[in-house]
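In what follows, a structure is listed as structure tokens, so that the remarks can point back to it.
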């Protein structure tokens, strides 16, 4: 569009995205409220108060891992990109918006652990992120932005597709057994292997 | 003023501004409070609790898009700037201050959706940001800072002016029908086209 | 101490400091809580609710300006520094700690506007920041770190000393008339002029 | 794994880690809630309200120093690293996760100062961070990532081990006398000296 759209524009976009990922991942903790206890409460009371927060701790851990993984994938893709293309801006902003919203869905699930609606919302949201992630990473490693290394680009796309399929699995498992949903994310290696066999892409 | 005011000073200013934009955009979410529900509430109760938050979700989405757009414009302008000038510091700090304040006006509007005062405040604030944005971007692409590319600079100014006129439209629409105000922002392409015809600037 | 302590260490320290400044400045807003109002409250009630928050808005504006100014001074000093020296680490961490604490003293003053203790604490805190600021900036432009430009370094020290004297003025004014304290910061140009006359440093 | 894994990948990892450290250190303050006091409360009431927050202030100060110190050690180690190795990603993410969780354990200890469970949890958490810190820093200065400077690398490892031993001391002291636990961290120089004598590594 305007002049000056060089690799510098790409660098700034990556920097801004990195900052949003880092802030969202660190903000997760402020939704876990410190338990209130009477002065000189027993040790057992303290342990019990912490035990009540276990769902919040689990939610924190899952979301931390998930945002970290999406950040890692985002970066792997943008390392391969060789030039900036304005078309990625809308998709990347949508992806960052869904990432920035993670603290809410995480806290909602943590506060009402095992309830179908919060769990369903959480994993449906993950599915949405995985979709946008696939779109952004495919764009960054597609013909309009790719620098070199077509084999590595295929790997990025296969990886992003596996995450999407695993999120769909987690969402479906969550519909049946809410607390078992995280197990769905463990199917990522399976999908990567399957897509590798199907696509007959060169091993990297 | 002091020595050592080179392009490095420009880079640091951009970095600091980027960080404030990224933090403000990510902080929007923490004003959306997780609904409290009794243990084993029905699914319908969960959906209803989420439905009550729809205004907050809309506010989050609008503000995320708006801050993202202002960030993008800020960057387009500073890419064109070739040298640092201390005169921009006050205007840029004022702009960052209004951006950092967005989570408050967003939460105020979301909590009291459709009420004239919060909606009016939100869009008046947007107008203020658009004014400061025009000032900062004109400065960054003006004679004291511009590196090259005068045609692209005219485009940045036309774009910033369009955003200002659209924010004014949104503010006026909001005075009459609060919930319809966001539609005013959709007039940006119209203003760009109009200003392009008026200014007879070369198409870019 | 260890090997690899090059200019790179300086760059990282500046980056980390920038990030803490940017986060602290943006976190100021979350201490301003959105007013609760009954559904379909009158416009007058909304305006009144906002009027009650004016002290918070003033506190936000002052602290935003103050952190922004200290950030700007920090950067001016570190631009002049030519090499890293481990001795600055403790002072810089102390300075960042007092900056990161600003949201608390700001909210405390805003919530209890005009009360002597919160106002006194606020301006005493400012004094502490100004002291640490003078220490850090003198170190960064002192013999162990300075790159070149001794004249500009004298300017940085004079500027930091002026801020300290202005903060002391604000603190003393605040002891007598709490709400008038901010006026003390307006004496910065006066102190700079006075120190310039006393020191007979070359005009920059 | 994929192509493009150069020093650039290392730089991005350091940037992301820096951002998480900076955000976590700055978020500590928002867990300290501004005391509520009636309008026109006496100065004595204000001082008393602040006195009640002293444990929170102490917690803020300790955690600020601790996160600052871990950040500093993290950076010292990564300055020595010469090339990126994907194996560090999981360990580094775990370390960042425990750092990002610090605001919770800090607030929990501050709110219930002197109680054994919150204090024990705090120092056990510190122990966990010190363990992960040792793992990450040993990896970054180990054969798979080290650039040069083997002597400096030994120093990094000795330093990280000392922090771990000091955290263990603090944890054990905290089991007996909760409020005396911070003194355990003061044993760091002792451990460094001891490890230096044992390892007979060259003085640096």
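Here the chain labels run A, B, C and D in written order, and each chain numbers its own residues starting at 1.
Methods note: a contact is a pair of C-beta atoms (placed from the backbone, for glycine too) under 8 Å apart; a residue touches a chain by one contact, two chains touch by 3 or more.
Remember, it's a predicted structure, so these values are computed and weren't measured experimentally.
Asker: So subunit B and subunit C are the same sequence; what rotation in degrees superposes their CA atoms, nearest 5?
Answerer: Nearest-5 rotation angle for the superposition: 90 degrees.
Asker: Would you kindly state whether over half or under half of the residue numbers at the subunit A/subunit B interface are used by both copies, giving same or different?
Answerer: Counting shared over all numbers used gives less than one half: different.
Asker: For subunit A and subunit D, let me know how many angstrom lie between their CA-based centres, rounded off.
Answerer: 26
Asker: With chain centres defined as C-alpha means, what is the inter-centre distance between subunit B and subunit D in Å?
Answerer: Computed value for the inter-centroid distance: 36 Å.
Asker: Quick one: which residues in subunit B touch 2 or more of the other chains?
Answerer: Correct list: 15, 19, 23, 27, 30.
Asker: Hey, which chains are touching each other here?
Answerer: A-B, A-D, B-C, C-D
Asker: Which positions of subunit A touch subunit B when the two form their complex?
Answerer: That would be residues 1-5, 8-9, 12, 15-16, 19-20, 23-24, 27, 30-31, 89, 93, 96-97, 100-101, 103-104, 107-108, 111-112, 115-118, 121 of subunit A.
Asker: Please give the residue numbers of subunit D that touch subunit C in the complex, ascending.
Answerer: Interface residues on the subunit D side: 14-15, 18-19, 21-23, 25-30, 32, 34-37, 40-41, 43, 46-47, 50, 60-61, 64-65, 68, 71-72, 75-76, 79-80, 148-149, 151-152, 155-156, 204.
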